[in-house]
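Note that the chains take the letters A, B, C and D in the order they are written out, and that residue 1 is the start of every chain.
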């Protein structure tokens, strides 16, 4: 079992010094997600501006309790989505998801995933994939709730 | 599998020409028993006279549907208990029960069981033991109900 | 002539039947003083191929651990074995999503899960004035749960009758399927009469009035291709031990919208999202309905079993059953005093054939056959109402499966003639 | 030093421990690139001795048939295997009658059977004003069923708290056990804290007010002699896979008077006396509670498992667990930054030890240990409320069993030191 493939330096760095941590205002939606198997938890808020094709991820703030993988994943995620047009952020999410579900067979794209490529090793540890995805799932859920709340009707494509 | 050990001539005779069959009056109790696995059924009435140590099995009448073993067992049972003091009939019942549950290791006593010894072979066929006991169980149940109905208190020993 | 003799090359038999039989260790057994086993009780439970047994042994000897909760190597291997069985089962019945496959302990629990939870508060709750519709040809496992539900909630239980030739009597369908009907639950293939029911037609009618459609697939899934999407039903129950898998596992497939609307059934580990002493929230399906340690080694066995069936091809299995059933109906017709219950044409039925033999009680028939190594079932086959409909208390049932040979049917027919002689009926 | 090294000859260890280990094929496995398996997750599920696996294989290859209903040779053999498992289990917990042993799918179903049926009409029915009493140290499987029952019937759920040293807080027993208490349900041994509870004392108090006493024996039955008559309880639940048996089977033992008073749970084949379309009557216990095809091959495996344990002697198993637990508590105490949750003395506890390691999340502890072949569990162990009581979200748990060696505990302690180094906590 190659432990270092899982616990890359980048992951341990984000774990020790998480980015964008803490709950902030303003936000349109807050969600609380749990990993039922281990109890890891995340409370996450999103602040989205604009709507439809113009929607932008203004901020993602969170409070989380969990293992190194889940903590680091939350930190890397915020780096990757904050400030991006929503459509682009969603596409990064898809790329990360594909990497995680690839059982180690997917080559990570550093241009898209930046520090996220450090999670390539996690894909080989099925039990830990959920840890890496916890905050991403929370973000997706919160974003969809935030969009539901905006007055402008949301097109199917952006959801 | 020794089929003839199971289907003794005596059994087949009782099956073809059952004794004491049909429901008769008078009776103090009637019961309906079913073998849940196969659906075999017996409706059985008992007529008991006297009480306590003087109780006598005056009549046992029945209507039954089922396999050769269950039919023959009902017929043999009536031969064995009708006209006997209840305590003695119960003791015959115990002897028959012991034979049936002996997995073929119990020597049958012809003096007590008469035609009932033909069932010795049944004890080696666990699936058929229930067939042989269906009417005996019904008789025991009906008798206990009959005794409950008699005004004279029933002592523990006779039940 | 041995029971594996292939001189009878009926059209439709599985290619390489001898090799298929060699997959099943028990078929090499002798019983009753040296007679080869003629196993004609597969509707009761099927035999297991070596590949299923080996998968279970490999799991127990090398990968055993609890699932989901364990994050060590064995836990990951065990979880992989368990969850990939869910994928296989989903594919086997063409479920749109693996998450719609719930593992239960048997088909009975799968049906009870639905009937029990419909009693509780929720969008599908059944109450006074509501009706549950079943049929007179159901196995007790698809009758008693609905009796309990309707008795306990004040709803009404109704049922389709059976025609003289053993098919569902649909003449009063308009009276039976109404706005009051909340649930229609019926068997796809009868375990007593063999009848194959027009499930898709009934589902369509039921959906017109907004009822949910539960199908007992315990006999159908083993012997014919089953596609839950094509049949457009809502819930399907079946059982591992009849599809060459082990006991201790059953399957409830359900459309996600329906499963999501049912409240929890059993509470406990694995079915929760979070628990406090005051209240709990529940995991999404399928886990919501899988409280406690699931049947892990059983799922591994079931996965191997449906793989085995898929490799044979369910169309081929169905063709084999139909060929054997036709041959058996023919053979049984040659026995005087024998009456087959249910449809007389093989293409209308599955591989279970119940019959009466004049003058010999089914127990005695089964006993004599057993002395010749032939295993059939005698009794009411957990279908008392269907027996009552035909005025019989019990019957003898032969049931074939993918390993059954025509020579085994011959052995049965010979055995029945011998039975008549033994009991001195002409 | 290998993990089977016997240089540590602790008093109390099972005699012939090497030979005992040789009974378990999986213990010969290596994991994680050649490390011998150090399996310290037995409270989650136990490993299986060869004799259990062989009994199951023999059943599947030679005796497989459905039970009770089948009257042929295989059916008789299978029924014999299944029903003799009931005898063995009854003897194992000293049940007064074999008929009081109900086979379920796991411990969770056994508890749910009771909680679910108490909602329905019957002499023991629970309703508004009634109270159900549990404890804060229960496994979710002994919490959620009672939440569902009390929510659905309007009854009230109450619970014993936990003391700082991890024992039941009985200080408010007079307030908790009252005339309103209808059911007291508690675990005999905690799967998280290891605590052994004074079940007999609590049962006595509960019986004084006429409550029924349900005991979750999932952790107790595997590791100590259990005598249901001596403890004077009413119902006991446990699970096959933790007593060296297979998954897919659990046990509900109940006093006959209590079982007789509970209405049916699942409806279906085998649990009936007679069925008409209009109504059904039910078979006596245990069959009343065993709808559908039971876990047959699983019962055969469970029978072999309790025979195996009985041959080792449950007093010896308990002595072994106590010796290993004492040794482990000592070893863990040597790891700085490590805090054990629950009682600190081996004689007060079972073989599950949950702990925290400062600065490293349990997932990460388990992962690093796994890379050295050591299998432990990380998470809430299906005991969220007990974790919350101690202000922790999750913990790491090592759990030993009859095959655990002191050298395996040494490997764990070494692994924990390595973990601290890996995560750079001193």
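Just so it is clear, a residue touches a chain if its C-beta (ideal position, glycine included) is under 8 Å from a C-beta of that chain, and two chains touch if they have at least 3 such contacts.
Being a predicted model, the structure only gives us computed values, none of them experimental.
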**Request:** Please indicate which chain is farthest from subunit C, where distance is taken between mean Cα coordinates of the chains.
**Result:** A
**Complete:** The chain pair with the larger count of contacting C-beta pairs, comparing A-D against A-C, is A-D
**Item:** Separation of subunit A from subunit B, taking each centre as the mean of its C-alpha atoms, in whole Å
**Value:** 76
**Chain centre separation (subunit B, subunit C; CA means) in Å** = 38
**Between subunit A and subunit C, centroid-to-centroid distance (C-alpha), Å** = 44
**Where subunit D touches two or more other chains at once, by residue number** = 31-32, 69-71, 73, 75, 270, 272, 274, 363, 367, 370, 378-379, 384
**Asked** Could you say which residues in subunit B touch two or more other chains, in rising order?
**Response** 1, 37-39, 125, 128
**Complete:** Every touching pair of chains is listed here as A-C, A-D, B-C, B-D, C-D
**Asked** Which subunit C residues qualify as touching subunit D in the complex?
**Response** 25-26, 29, 31-32, 37, 39, 41, 44-45, 47-48, 52-53, 56-57, 60-66, 69-75, 104-109, 111-112, 115-116, 120-121, 136, 139-145, 147-148, 151-152, 157, 159, 239, 241, 246-250, 264-272, 274-277, 279-280, 291-298, 363, 366-367, 369-370, 373-379, 381-382, 384-385, 388
**Asked** Can you name the residues of subunit B that touch subunit D in the complex?
**Response** 1, 34, 36-39, 125-128
**In the complex with subunit A, residue positions of subunit D that touch it** = 31-33, 361-364, 367-368, 370-371, 378-380, 384, 387, 393-394, 422-423
**Request:** In the complex, go through subunit C and note every residue touching subunit A.
**Result:** 68-71, 73, 75-76, 79-80, 270, 272-274, 283, 287
**Message:** Looking at the complex, which residues from subunit A come into contact with subunit D?
**Reply:** 1-3, 6-7, 12, 37-41, 65-70, 125, 128, 131
